[in-house]
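Questions regarding the structure given below will be posed in turn.
Chain nomenclature is as follows: A, B and C, assigned in order of appearance, with residue numbering initiated at 1 for each chain independently.
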């Protein structure tokens, strides 16, 4: 029974869990425990799925036993399982971390709402990665987005509200664009099911309607994933959201959106879209600007969360570069970076969460001398930073290796140079923080503080450990990414 | 004439869409932004419904004497989309209420001023 | 134990030692004992690999495959053997010196100092024994990162600025250029293993060979080829033992060692000679060599002068590699050892002068030979070795390098080597003459110092170290043949 329902359990369980969270109004710890258990059960389901599909066979599930063209089909292939594992893995770790951080940052009477929203987001994100139906994807997109807006708005500062509102406006525009694109495709093919679209799209691929659909889909998803230059919602949302939310979103939400883009380009259109519309070149150009300009902007930030937010926009550029190279190596690099970036940004934002937990600020200047009082937190930050820069033995290096390899394969030397240059910018912005934390003295009269609590350190170090582990043992990540890329390019 | 009158609801869709989108971009008042957003979404709903029309078909309800129906699927989809739209509007309005409480205004440009000058200096 | 195990042990020992150093942090005597013990064990480990390598064995061990076909791999060949011996051997002496220096100057954060020192040595050993470019690159980066806290030791704003220059140049060249070159190599050949005769022949052509070489040569910032040499003078803000062992031996030698490795095992020196791809490198190295000597002459700060001297001497080795002849490469390898011994002595002396007399500028050194005869005597010996005057070690490496230039029919570079020897005499000898021949300058000695008379040397551990390395510079003159024999197989095909 469970085996047959595996492809849907990871979506359903958090979805059912969300309203249950409402019962824990008076007991934040209860709500946390619920979210924690659900996250880990979800992770277990996701890992089982990955195990099943790693043979290369996709798993399909028909909701309510309605056959595919009429009913909604859930379809999990290698790439989907990979993204599902990223999302549920990060979810599980952040929940382990969340309890104290959330209690410190969100008013006590709203904590149960936070966990409810978190579960909804989790369900939505996993649903996006699971569904084989384009319209159902929109529904999940909105489930995750709406709950995300709420989570962002729970931030302590009042600017969290405006950040959430602006995110809502742009996010809704993006989702609506996506719906328009889906509608145009439906108009031409009469189906919403991805598997059917694959069959029917080639016939009509060159029509103006489909070209318009591609444009709408690209812009719509671009808004969601923080594509430069429509990333404007991202820095504020990441900066003012509660620490746990930022860590979770930075590591998952944008990744899922990138996944959708890959699905559209490579599964639905089988890469043929690049012949009719120069989306690959446009994405490539935008991404190159992103990795350089956004890294440069990051250098000048005084708020470390915002700094990392800009860095995220740049890092998304890396993924898009990989995708827009339209080669197996390029796609491998892009997919690989989905996972690796989730690990590094997750670790970095969790470290910042610990910092905020103790000093109630994430400004560079307030972090002076922090390494002395919070050695474990800052060591985690440094490791995450080195990974972001791409120092060997971290995941960042593996990503960068494949990305540059992919650009050299195409003999695009300047692209390789641009990628390396942006890594150098990453050195600068990470180093600023590291230097202040390690070599500046703590200001006289600063409150005496200690290391973050163990319950936060352990999950954070789990992610840091993963940064190193997957930088050394790349069988799982590179293997899966490569297999997924080959399926996408060959299929 | 065919393109103007025959595709008349698509023209409406485009006009509505652009009007809504323009309001979202141009208006500073957050309530108006939400209104624009709703119009924008409604345009898409109209688009889906127009698309489902089959010439000569009736509403997709099984009944004696009718063999040709409009495509019911888009209707169902749009039902879902309307729900999503309502949720979005509700959430947006709720946020606006909170913003009004915190900032005392719902004009986006004034809030931006307050954020940039008021809070940056504290921070 | 097999040489394979020993090669891993040589890297593991300082790492394990570093943990014990941290644990012993509260008890300085215990901590320093741990450091010394670790250094001795490491040296013994490295020495015990030597017979096998001399006998022609190439211990090779694949530790872990990171990416398909790309592994962390250790291979010991003669060049790495030599570098390993030099850095681990000098670590013992340097540890003795450090004890005197760090205590004599009452430096803060001593545990951190010894801890990162051990890590740096572990990564130097890793660089020495790496079996492919990726492994080398990894240890190279760890070396950069682990020496950063040592350079930034004092933590004041000026120091931090210099430390930023240090890490900025080293990281950006390695990530921006070296990594680029590596991935390019991988893309062209499908391997990064060090192979006798090189791996690039026939895989890269025409002007691209020169471009790739440039990526490597400027990417290896630690070799301090101008214009990426700025980090080295910047690193002089570190405590002197750091300058001595790391910025005269481990770090900079890791740089030129990598240059030699790349030329011999990635490009293959014969391939370079055929394609003339290294012609520009000869010019660049010769330019660096001469220009930095001139800069050195103009520096009044003793450590700065020594730093520029190092920049110049490193270019000897790069030039030796660029000549792409057997004698040039052997000469480069020998110079790696000879210069290490000489330069560490000079830095030890500079540190001793600072500890005993608190002087940093050369113009303050008038007559200091009278109060610090042993230190300045050693300084003189080491200077002569750097200049290349028999019977000191530096003679032989310069001899081989000039042979290399002659072999390549590049007579002009023979002249460059000679001219540079003259220049190095011009910036080193005045220090010695000033110390011994000029009368003490009452004004510059300051009020407190005028009262003192007679011998006033640095602490005993410092003196022991200075004498040991000075004697080493002398001894190398007689053991140069052995080094040449050790290195000869690398030029065979």
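In this text, a contact is a pair of C-beta atoms (placed from the backbone, for glycine too) under 8 Å apart; a residue touches a chain by one contact, two chains touch by 3 or more.
Note that the structure is a prediction, hence the values are computed from the model and not measured.
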Chain contact graph, described as a line, ring, star, complete graph or other shape: line
Chain of greatest Cα-centre distance to chain B: C
Chain with minimal offset from the mean of all protein Cα atoms: A
Whole-Å gap between the CA centroids of chain A and chain B: 27
Where chain A and chain C are represented by their mean Cα positions, the distance between them in whole Å: 45
Whole-Å separation of chain centres (CA-atom averages), chain B against chain C: 69
Chain B residues within the chain A interface of the complex: 21, 24, 30, 33, 37, 40-41, 44, 47-48, 51, 73-74, 77, 80-81, 84, 87-88, 91-92, 95-96, 98-99, 102-103, 108, 111, 115, 119, 123
Residue ranges of chain A in contact with chain B within the complex: 135, 138-139, 142, 146, 149-150, 153, 157-159, 161-162, 164-165, 168-169, 172-173, 175-176, 179-180, 183, 186-187, 192, 303, 363
Residues of chain C touching chain A in the complex: 64, 66-68, 134, 137-138, 141, 145, 149, 152, 155, 160, 163-164, 167-168, 171-172, 175-177, 179-180, 183-184, 186-187
For the chain A and chain C complex, residues of the former touching the latter: 386, 389-393, 398, 400-401, 404-405, 408-409, 416-417, 420-421, 423-424, 427-428, 431, 435, 438-439, 441, 471-474, 478
